[in-house]
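Alright, structures below, take your time with them.
Both complexes below contain chain A, partnered by chain B and then by chain C.
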Partner chain A sequence: MTSATISTETVQGTTGMIRSLIRVMRSILRSKSATLGFVLVILHVLLAVLAPLIAPGNPVKNNPAAVLQLPGGPFPLGTDTLGRDILSRTLYGGQYALAVSFTATALAVLLGTIIAGLAAYYGGWVDQLITRVLDSILAVPAILAMLVVVTVFGSGPWVIVLAVVIVYTGGVTRVVRAAAMDVMPKDFITAARARGEGVVYILSREVFPNILDVVLVEFAMRASWVVLLVSSLSFLGFGANPPTPDWGLMVAENRSLMAVVPLATLAPIVFLATLIVGLNLAADGLAKSLGIDRMKEILG
Partner chain B sequence: MTATQSEHLAIDIQNLDVAYMAGTRQVNVLQGVNLALRPGEVLGLVGESGSGKSTLAGILLASLRTSSFIARGTVHVAGADVFKLKGKGLRDFRASQVALVPQNAGAALTPTMRIADQLAEAFRSDDASTATRAARRSRAIELLRLVRLPNPAAALDKYPHQFSGGQQQRIGIAMALAARPAILVLDEPTTGLDVVTQAAILDTLSRLHAELGMAMVLVSHDLGVIDKMCTHVAVLRQGKVVESGPTKDVLAHPSHPYTRGLLASVPRINAPGIPPSLDDAVIDAYERGETLPAAESAVYERTAPVGTPPVLTVRGLTVDYNRKPHGAPTVLDVDLDVHAGEIVALVGESGSGKSTIANVIAGLQGTKAGVLTLDGETELAATVPRRAKAVRRAIQIIFQNADTSLNPRQTVRDAVNRPLRLFGIRGSSVEAALADVDLPGSFAQRLPGQLSGGQRQRVGIARAVAAGPSLVLADEIVSALDVSVQSSILRLMDRLAREKDLGFLFITHDLAVVRAIADRVVVLYLGRIVEEGTVDEIFGSISHPYTRLLLDAVIELGDDHASAPAPGQDEVPDGPPEQGCPFASRCPLVMDVCRTVRPPVVPVSATHSIRCHAPLNNLRLDLAESATGLV
Partner chain C sequence: MFTRFVAPRLGWAIATIVLSTVLVFSAMQALPGDAATQILGQNATPEAVATLRRQLGLDQAPVARFVTWLGHALTGNFGTSLVSGQAVGPEVGRALLNTSFLAGVTILVGFSLAMVLGLVAGLFRDRWPDALISTVALVGMSVPEFIVATLLVLAFSITIPLFPAVVVAGQNATIGQLLPSMPLPALSLMFVAAAYIIRMMRTSVIDVMESDFVHTARLKGITTGRLVIRHVVPSAVLPTLNVVAMNIAWLIGGVVVVESIFNYPGMGSLMIRSVQSRDLPTILLITVIGAVTFVACNLLADLAATFLNPRLRYPRNSK
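Right, the complex of A and B next:
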């Protein structure tokens, strides 16, 4: 009996989720810029994942015989100072930035959402303490804070993830806390409290489903900032280590030879720019479609 | 109708259709509306939620919701074809000819602007009498005096949040009058206010109308208010005017079954029992030209249970919100009993501590003193986490606002199933719980957004009842509903109380609803009980001066409004006094002793007691009025 009830409940929940997912997708597809954004992001993810299959050469193999080649022949985009294939390096280059950025953003948003939920749930001095501590972290400029973390802990990918989580969790918490605060005084929360529900149930079943839109938009927006930040770190020499193919690093390595092999700098710049523009458009589109979704519910 | 004729009319609406597009289909919000109003007349717009009455009020200010449009017809207001006005012409029309008083003036006032500046905005720039700062100020004071705001000069330099809801509504009316409009549109101007404030605002409006002679349009769902205020009335249903004419004719001899049903479904103070609810099938049949026999037309009178055991006993409850030890406690020394199957009404104005007491019983609010006992044996712990599962299960809450009482992301099944699972209840199901509140099992799949207000309230009740409680706290559960839905929810409450032996603590400020459903009544003022007794005793001839004040403030259909005494200008004090009777500052029978000594409990009968220093004879209806006359 109990298991049967649970399974029908899950089915109900899933179909509801799918239905609202389809609704959001439809409204995204109606907007040209949002569609373009999602296409760009998905394209970048596919290229990074499929790089080993589609890249013409090895991204880290030096070739002293073919240094600083212009595009043509076996090198569609030419080669850099060490004779490495620029197209292959650019295709592989998204892997580091995307993996580190998405992991870091996901962790920051997850952690921020949980902290925000707890702050909103307990209120009072717990909320005060959390808000004050996070405000003081927010007061430190992002790139400076990251440089401090990287200098202390070295520059492995996990250190970058840690640095991004430290820097961005505060911002996420502020936004999500405000959204959660709107939900907390609603009567269905009071009903749950009076039933004697615990903090986990109230946050996961009553609060978070109602602020999921805010969290998703927050994720998409932060992701675009984090990609740029991680690439900046690589450019400054604190992110990806040579010879790892990475856009920020590639720009740093090849900018002095811009006049000789311009594509060695331009290709990673174009890739990075399209990814960030794509993420921004997607975030805007998501925010709008979720907003419209909400308006429809209010109007019935 | 020719242009010259419509110039003589304040409002002239002809064959109006307002519509919006849903996909490719045109949906009419208003259909074939014809209305005419002469200067100086007062038109009441009546109807249930969704009937289009607010849309019609917006039309008069040439305002439509985005994506709505005029599909057909013309609207002339003060001689102008309002939807032909553009740009400056439209702004001038809105600045000088019409004014709106919205439902919630507190939200309509800019919170960061002083009252003086807000009023000055509404003055016409070309008006010589407001050319200088000093002149604007004196005109603003004059306006606030007109709406009877206490101490107008001092009020000008205050911000909106420093006023009570009733005072904010007065300021809203003053702003609307600032440009001396020819037509004043009032959208549910007193709906959020308690009866005493409502009576005072309506009295001010009648007087302003008599002095200034502008035409008024009053949107309200409250037929008593319409009856008191309006010369003419138009009844709307589903975007159509089903009946219109002089108020006295329409309300005394309604010709349309919808008007008749609406009138019949209003609970009355002087007639006990739950009125019949509106039968949509009969009305729809009438619209098609058929006749159906009305399903239920009789008033249902509830009988109080006799000799049932108590489910809740409250003794000496005191709640203190003050952090420091000075100031009187918010709730002081409240004793309360609810028996199985009994509906006990807790009555009082806003701020009387009704909801605080409910929160204490639900374990959501700490207390300073007092003992709460459940089912005559279990003493209740102060907070929810310290209460046993059986106790939490035994006390359930139903909320005022059905919109926020259900999680919009959870299906009805999830909402109703949760208490069943949490409390491990066997032998029941979501379908059975929904059947208890007369909803079909198929509703389990729906989200709250797919339900009407009345259906949502039923789901809220189902969630509470599914837990199998012995006590239900019902906080203003019908005040946000249309009258017709209201009586069906009241009937449901009565049935649940009888069939499941549920004790209800029903919190409300609506005395007519109390008269319809309650078995016993506890009257609360500033967190102190002033009177308690059976429903007949409370509405009988002997009552506490505060209860009398509440009863006198109720505006009912068919009352002789002209002879009703003008309500006083008093406002509820911020907090209870440290000593003496809480009501002393407003009481017409006040004596010196009232300000220093707590009033004794005076038993009138075995079940009826009044806390007052005045001798019982002075509290009798006839004598109390003559005593009031002397003061």
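Right, the complex of A and C next:
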């Protein structure tokens, strides 16, 4: 079994980190599917960032003169019921999905890692309390929790971010806590405690660098679920507000007209599916090259 | 055994369920306005609102109201819906029955199929059946339910009109009336839910096939068929049970999208409606059901793993 790991038993310097990073990158590039995954994700980020430059039209401007056009002429993929260019809406659609999902995933993983670190560091009743409260959040069906958050705070990108953080932090904490618990009894932690180092130092300098691999895989894995959930929320009418170009919203708007303008539904579907397939392949590749069993991480 | 192992877990399970209702209850308190203003509308006189508030018990402090709700809930009385004015229990019960039916079909057909596919993929590791099945599983993991449902409708009710695209039977439809429109919702759920089970089954089959006892059995000259049925399947199913349990809990939430697409009268569509109308008693009962399912599935998977693996039965002495 060949696996490159970022974590070792001692804290590494920056050069060590860079060397491990290169090793992980090499092992990812050796796998065809992982490379495909990263290429897909990078391609989607590029398309979303460059949308203003490459989109042929305005994604939100109604055009009553060109409603439900079939592909051709100025509309490479046709138009929807309001005469908006489908290709432009699809290209811009990645912006909302990527920005909201990335921010939300990053915050959930960051918060989950900190909480997990505190639970592992203090142990005892603090750990019990944290675990029980997070279990109760996990027990509320994810969609219900998100619907309640959106109803209470109103919709908007930051509310969706908040909803994702509430729903996913518990799961992240579960997985990262288990990893942190494995590190806590190690000698270098005992030594740091004996030196009289504080909780911030021990967590940030001793514990977190040694569970970085678990945290990274957790981030990659959650990202694909978050994109999926955020788009579902938009589809249900609780996410992106019209006329925001968003894939979930586009499918909801156009699916009743699938027999008339199929591309208005199929284009956002293809984009959304390729993004999530890319994220999943990338997460698989990352997990493999870091020597982490992804299915075990899912079970937490 | 019971007092040492089951009782504490059961205690924690109940605490988890109660705590999750506390969380949802508190979140709903943050909403502007309350049930009284919601029912009477914006033009109601302050006196009318005050009277209704007293009737509904909304003039009490939130903590007192939660305790009252909890007391009633423990006796099986979950209050009346703020929208229909009827008891919440039977309404949610009917929706739960419909959802359980949909979920039951998904679990029976989809999960068994997924186990078989995972087994095949694991046995044919890295050959074409594995490549095919693993690709299907990857797509299943990556495609949201609303996309699967939309594509199924495009294929099987628009292109080839085989199944209805939506359930036309109303809220009070019987299972028999719902049956003809079941295939597409059930297929959508199966596809998504099966993905993780296929993967887990494949992984555990590969693990088992490489274990010492399988090598020993082979050396003893056992046929492949017997080996798979007697040794591989029983050992590979155990770790997969965890994923199955997780998926059952997930189904309660996952049905939301599918039910709303197909207009299926179950828990999911009820959930959306009651959140939109801020019908707290209905939301709380749905929360209880969701939490009970989650906790029960986790508990069962935990207990099954423990009883099938004696090493886990006694708490290890921590260092």
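To be clear about the criterion, the second predicted complex is superposed on the first by the 279 of 300 C-alpha atoms of A that agree within 3 Å, B and C clash if a C-alpha of one lies under 4 Å from a C-alpha of the other, contacts with A are read in each partner's own complex, and residues count from 1 in each chain.
One rule holds for everything that comes next: a residue touches a chain if its C-beta (ideal position, glycine included) is under 8 Å from a C-beta of that chain, and two chains touch if they have at least 3 such contacts.
Everything numeric here is computed off the predicted structure, so don't read it as measured data.
Peer 1: Looking at chain A, which partner touches more of its residues: chain C or chain B?
Peer 2: Counting contacted residues of chain A, the larger count belongs to C.
Peer 1: Taking the superposition as given, does A:R132 touch the first partner, chain B, the second, chain C, both, or neither?
Peer 2: second
Peer 1: Taking the superposition as given, does A:G248 touch the first partner, chain B, the second, chain C, both, or neither?
Peer 2: Touch partner of A:G248: chain C, not chain B.
Peer 1: Let me test your reading of the model: by the given contact rule, A:V45 touches which partner, first (chain B), second (chain C), both or neither?
Peer 2: A:V45 contacts neither chain B nor chain C.
Peer 1: When the two structures are overlaid on chain A, which partner does A:P262 contact: first (chain B), second (chain C), both, or neither?
Peer 2: second
Peer 1: Between chain B and chain C, whom does A:V140 touch in the aligned arrangement: first, second, both, or neither?
Peer 2: A:V140 contacts chain C only, not chain B.
Peer 1: In the superposed arrangement, does A:E206 touch chain B (first), chain C (second), both or neither?
Peer 2: A:E206 sits against chain B, while chain C stays out of touch.
Peer 1: Is A:T190 touching the first partner chain B, the second partner chain C, both, or neither of them?
Peer 2: first
Peer 1: Please identify the positions on chain A that touch both chain B and chain C, taking each partner from its own complex.
Peer 2: 298
Peer 1: Please name which positions on chain A make contact with chain B in the complex.
Peer 2: By the definition above, chain A touches chain B via 1-2, 5, 8-9, 12-13, 16, 186-188, 190-191, 193-197, 205-206, 209-210, 212, 297-298, 300.
Peer 1: Sort out for me which residues of chain B touch chain A in the complex.
Peer 2: So the residues of chain B in touch with chain A come to 362-364, 384-385, 387, 389, 392, 395-397, 399-401, 404-411, 413-415, 417-419, 421-422, 426, 445, 447, 449-450, 463, 467.
Peer 1: Under the definition above, what is the set of chain C residues touching chain A in their complex?
Peer 2: The contact residues of chain C facing chain A are 12, 15-17, 19-20, 22-24, 27-28, 30-31, 138-139, 141-147, 150-151, 153-154, 158, 196, 199-200, 203, 242-243, 246, 252-254, 256-257, 260, 268, 271-272, 275-276, 278, 283, 286-287, 290-291, 294-295, 319.
Peer 1: In their shared complex, at which residues does chain A touch chain C?
Peer 2: For chain A paired with chain C, touching residues are 132-133, 135-145, 147-149, 151-152, 185, 224, 228, 231-232, 235-236, 248, 251-252, 255, 258-259, 262, 265, 269, 272-273, 276-277, 279-281, 293, 295, 298-299.
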